[in-house]
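Chain IDs A, B, C and D follow the sequence of writing; residue 1 opens each chain.
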Amino acid sequence: MEEHRVELTVNGERISSATKPEESLLKFLRRNDFTEVKCGCEKGECGTCTVIINKKTVKSCIMLALQTNGKEIWTAKGLEKQELGRRLQESFVNTGAIQCGFCTPGMIITAKNYLDQNPLPDKEEIKKAISGNLCRCTGYKKIVDAIYAVAVENQK
Amino acid sequence: MSEFKVVGKPMPRDDAWAKVRGDLKYADDFSLPGMLYAKVLRSKYPAAKIISINISKAEQLEGVRAVLTAKDVPHNETVTRFGQSLEVGKGFEGLYRVLADKKVRFMGEAAALVAADTEEIAEEALDLIEVEYEPLPGVFDPIEAMKPGAYLVGEKNTNIIGEFGCGQGDIERGFAEADIIIEDTYKVPFVDHAYLETEGGIAWIDDYGVINIRVGSQVIEHFRDVADVLGLPHNKVRYIGTMMGGGFGGKEDITVETYLALLTWKTKKPVRLVYTREESILCHSKRHPFVMRYKVGARKDGKLNALDAELISDAGAYPYLSPWVTLYATVNAAGPYCIANVRVKSYCVLTNNTFTSANRGFGAPQPNVVYESLMDELAEKLNIDPLEIRRINCLTTGKALSTTGQIFKTHVALPEVAEKAWAALGEPTEFKDENKKIGRGLAIGLMSYGRMTFLHDSSRSFVKLESDGSVLIRSGIPDLGGGQVSLLCQIAAEELGVPMSRIKIYYSDTALTPLAGTTTATRQTYMSGNATLKAAREIRKRVINKAAELLNVNPDKLDIINEKVIVNYDQSQYLPLVKVIKACNTAGIELFYVAQFNAPFTITPDLSNIRGMTFPDFTFGAQAVEVAVDTETGQVEVLKLTTCYDVGKAINPLSVEGQMEGGSIYGMGYALMEEVIMEKGITMTPSYAEYIIPTAADVPEVKAILVESGGGLGPYGAKGIGEPACSIIAPAILNAIYDAVGVRIKNLPATPEKIIRALKKDFFKK
Amino acid sequence: MKKVEIEFTINDKKRKLSVKPNDLLINIIRNDLYLTGSKYGCGIGECGTCTVLLNSEPVLSCLTLAITVDGKEITTIEGLDRGDELHPLQKAFLKNGAVQCGFCTPGMILTATALLKENPNPTEDEIREYMRGNLCRCTGYNQIITAIKSCENKLKTS
Amino acid sequence: MNQFKYISPKTKDEVLEILKEENIRACLVAGCTNVLPNIRDKKIVSKVLVNISDIEELKGISKEQDKICIGPLTTIAELINSEVILKEGKGLHQAAEQFADPIVRNSATVGGNLVDASPAADMAVPLLALDAILKIESVERKRDVRLKDFFIGPEKTILQEDEMITGIEFESSNINKNGYFIKLGLRKAMAIAVASIAVNLEVRENKIARIRIAMGSVAPTPIRLTVIEEFLKNNEVNDGLIEEAINKVHEEVDPISDIRASEEYRRYVSGILFKRAFEKLTL
């Protein structure tokens, strides 16, 4: 079996680990204990495995681990290290945007990256921005409210 | 007690931080050293005879640790239960086959299990298992399956596995006296729960030979069923329930647990099994399709005076909970209306489709689609406003359910909820696009919370005050995302005057926590809420009595607030809670208590003519929508959505709103886009690209209106909301579509094509 | 440090591993193969709890370099029973109450199997002599000796 | 046993060499949005996975005098952010905005969407209406292929095993500036088109001077509706004309029934989509 190494930084920490050519970034990250990256469909159709790679959101189930060699990845766990990330977490918790919580890591990563680039969206824009992340519990309202609340803070 | 301190306040959930940080370990996030990976071999045919299974090649593959087939399962044929420990009659305990044996009943039925060193090896081993099938014709339509001489799905001589009836009055006379009669047949499809977390778990054998199963399950009481399959004493199987990534009824039946137990038992190693999305859609239970023939009669003034309903549910390949679901539908068939003459007959039928079982709503949403559509048809024909006709006919406090005659002793918030939901739509949306027509729809409904009373339901909870004033709760309650666990903390915090941060709860572990019963039937707020309330109040009493002694005041003058026992007429007089606890400990007064709460018990009714109480209580609600229908493409956009329920008391408004908002969208998907399409038993929609659920871009802003009558049987007068929240929206949307373009959809989902076929009949003729 | 590929048989299963030249056998057995029956007691060969059989000879795995077992056969406590059938010595230890805290038991039993292989019916003195490298703090050794004695001539069969 | 290899070349020429070398064994991986699902479904087995996602020379959008050049590795998100595309190929821009969902748009590439050759391909439809030309290269030869000659069946193209798309071009012209795209899906995001249309139109003194009509999900491949194009050319724009055209659309499309819609509905709605796109461009 052909083995390769991937070297990348995840949440600011250097990771170097073996992988196989066909291993998805999702499987690779989960194998390396980043279990906050969730596996919902493995076809890029639910968004629970969303991570940020070089400032872009990516569904990690539809990217080869090897393609991320040398890149900078952020998962939901890394959000605590960033001011906007912490504010989003706070807002999700206080707004009641979390029910079963399984979509939350992907959802909040998507929101973080979106607000980084669009600090002052309205609710309709937020809905579009998270339309690649499915949620079955909340009906999205409190998720949109939580993200919007942070956007409103941004105006101050 | 004085006014609430914690209850009724919007509360960030106990589990929210772990979830938002990604720290929470769901079933698939947990590993053990030396763990094996399991895969399931699934039947390629919906109906076939298994001639032979050859596993020798798979066994020889390096890294394969076990390959199991039906013959390796000690008790392969058992019965499905859902946690009940009492006899409820054979009618409800259908055959449950762990691994397919001789006859395959549905496509994707498990035929063999593999455990191997890696997932890849396990998958490769599946390809090496040789199964020789002899395909059989099968039957895929419940109506066909009911006919004499139909293909027999199981081993019995009929496919009908449940037959129920109820009603009152004289149906013939009722129709004779009606000024108007409407007769129609409605159909609803298979629906998937589509929770983001697929079914999964891990099992291991501990030092003492106990099989531990860490799994996302709504029913940890299944430890008994797993033990029975292996022929072990019940105390040799332990369930450790994880927080679930959504349940909605789909994790109510056994999913991976038995497979895990068998494989870990065989290999003596930890084993993990997690379904792929395809597997989940293909092989776990679905919501029941129903064929519903209705006939309703009313007088000119709009008063209903006759309803005759025949309900036929597709149970799929195995009974599971189908008889129960059908029974729920039967009792719900006449909706929240007073009708003097009612007859309901229902059948539950096996087919070679994927098996159906619990799905949020449990038999309430299906008939609701019909009776609420028919109410609007009547309203139109009699030229009465949709809200008015519901006012004229709806149940009120003290009235009786028209199907079973169960009397509503608790508050019935009708027509109040309907008026509020309807009014909340506000001014009609202005629209410029001439191809889009605006329409509005209203629907009301009821759904039980708590299990059927003849199941003699009960729940237990352990509450303890630690010597430092922190609180420990132990409850078997599983949490599927609704905040069930956090709710118990809130109740204890309220009663014992300590902040949420000082409360720790251990939940969902059959070895450590008193069994709280299943997180199903919208029962946990009611059942485990009351059990926890009872336990907490017992501790509270003991603390207050001791404090009264020390302060030398009358106990009823004392309250516990912010960890102080305070004299309520003189706040300067108090004792720190910790001090009182010390005094109790010194005096040998126990500050822990296990309480059991029992629901009302009734005897099993005559199922052919169900009368009297079958449920502890019901939740009443109404939903209204405004839609825009594209008259050229048939696309429907929901512009406004309001939902109003009498929740009795919202213990945590954030969670209650969450259920109402989420339930609305769950139901909106049912109305507009969701269908597990099966062609001759083959699932055509095994992915999120084919089984589509609403995205954030598809949803309107849901307006949730909470009515708090305080009239519920739960703690502080709370009612259950989880399932009722999703059970009414579909017909509201259908009514709105009709209002917009005059098309009455009688076959969910209301896809653009169905609407266009009705609008452009002449085009589709050619 | 560069890793070396070694291949050996443990409890009748072939295993391939890449190990560092200074890896100790006890760590490989416990941490890489998850065979935690072999215990780590002192790390300097004073207590015998880490005893395993290397080509049927008892060795202290805390003093053995992993690379040296390349091509050899190892037996740990997990390899003694035959499925549900316990090894005669294991039975004897249970029967005679030779197990208290149980931490020395794996090493004890493996050493004892080696003893009875060399000397099917040893005298009590011979047993004490042979077993002296295995410390026990609970039992005072008596029931252990009795257990081993009760197995004389039983191992030929197994 | 399913054995994969992985190579990550740095330049286009290296890729072409690898394609020559490995031929059918090679599987180019760019956005990877379909490759991994196909590996999971065993539709792709034991291939040499050639990662081309880091090859800068195959990325980016540029305007060279009278033509627009799009690198095949340009992501859908990059199209959305491109002023050039917005100005020179509005239909393509609209299609990009409706493509899958915001996250997938960061990975998926224009070239990838074309070579997958799905009948529903959201990029193919507007590019057909822009009459795009594909630059195709192998070590041996270079050739230019019109997109409308590129697709030969569902998931089938004329691309040879040793070839790759190295550029996508369309002319900067009045007709291309005046385009419109409509996608009809069953939900607002992550939708696969039930039917889609792109129309590019140039009107001179109220006569149709040039018109191109392309549709997705109404035939085995994304198609150009050349019969109607011919019919409409040099005609005056009026309601009667549109009515007649709609009927011709019904005849020219060749849809199938699947889980998303029936053949009849697709046929019917094709006419509606045409009418709407056409009106958008003429009003």
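In this section, a contact is a pair of C-beta atoms (placed from the backbone, for glycine too) under 8 Å apart; a residue touches a chain by one contact, two chains touch by 3 or more.
If you're wondering where the values come from, they're calculated on a predicted model, not measured in any experiment.
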Practice problem: Note the shortest touch-path length, in steps, from chain A to chain B. | Solution: 1
Practice problem: By the contact definition above, name the pair with the higher C-beta contact count: A-D or B-D. | Solution: A-D
Quiz item: Approximately how many whole Å separate the CA-defined centres of chain A and chain C?
Solution: 49
Quiz item: Just curious, how far off is chain D from chain A if you go by their C-alpha centres, in Å?
Solution: 29
Exercise. Can you check how far apart chain B and chain C are, centre to centre, with Cα atoms defining each centre and the answer in Å?
Key: 54
Quiz item: Per the centroid of Cα atoms for each chain, what is the distance between chain B and chain D, given in Å?
Solution: 44
Self-check item: In chain D, residues with contacts to at least two other chains
Solution: 2, 101, 188-190
Quiz prompt | Set of chain A residues in contact with two or more other chains | solution = 42-43, 45, 128, 131-133
Quiz item: Multi-chain contacts in chain C: which residues touch at least two other chains?
Solution: none
Quiz item: Tell me, which parts of chain D touch chain A in their complex?
Solution: 2-6, 8, 29, 31-37, 39-40, 49, 51, 53-54, 77, 100-104, 106-107, 188-190
Exercise. Sort out for me which residues of chain B touch chain D in the complex.
Key: 120, 124, 632-633, 635, 673, 677, 684-685, 688-690, 692, 694-698, 751-753, 756-757, 760, 763-764
Quiz prompt | chain A-touching residues of chain B, taken from the complex the two chains share | solution = 10, 12-13, 15-26, 28-29, 193-198, 243-248, 274, 276-277, 480-483, 654-655, 657-658, 661-666, 687-689, 693, 695-697, 699, 701-702
Practice problem: Going by the contact rule at the top, pick out the chain A residues touching chain D in the complex. | Solution: 1-2, 4, 20-22, 24, 42-45, 47, 50, 56-59, 61-64, 66-67, 69, 110, 114, 128-129, 131-133
Quiz item: Given the complex with chain B, which residues does chain D contribute to the contact?
Solution: 1-2, 101, 184, 186-192, 194, 259, 261-262, 264-265, 268-269, 272, 276
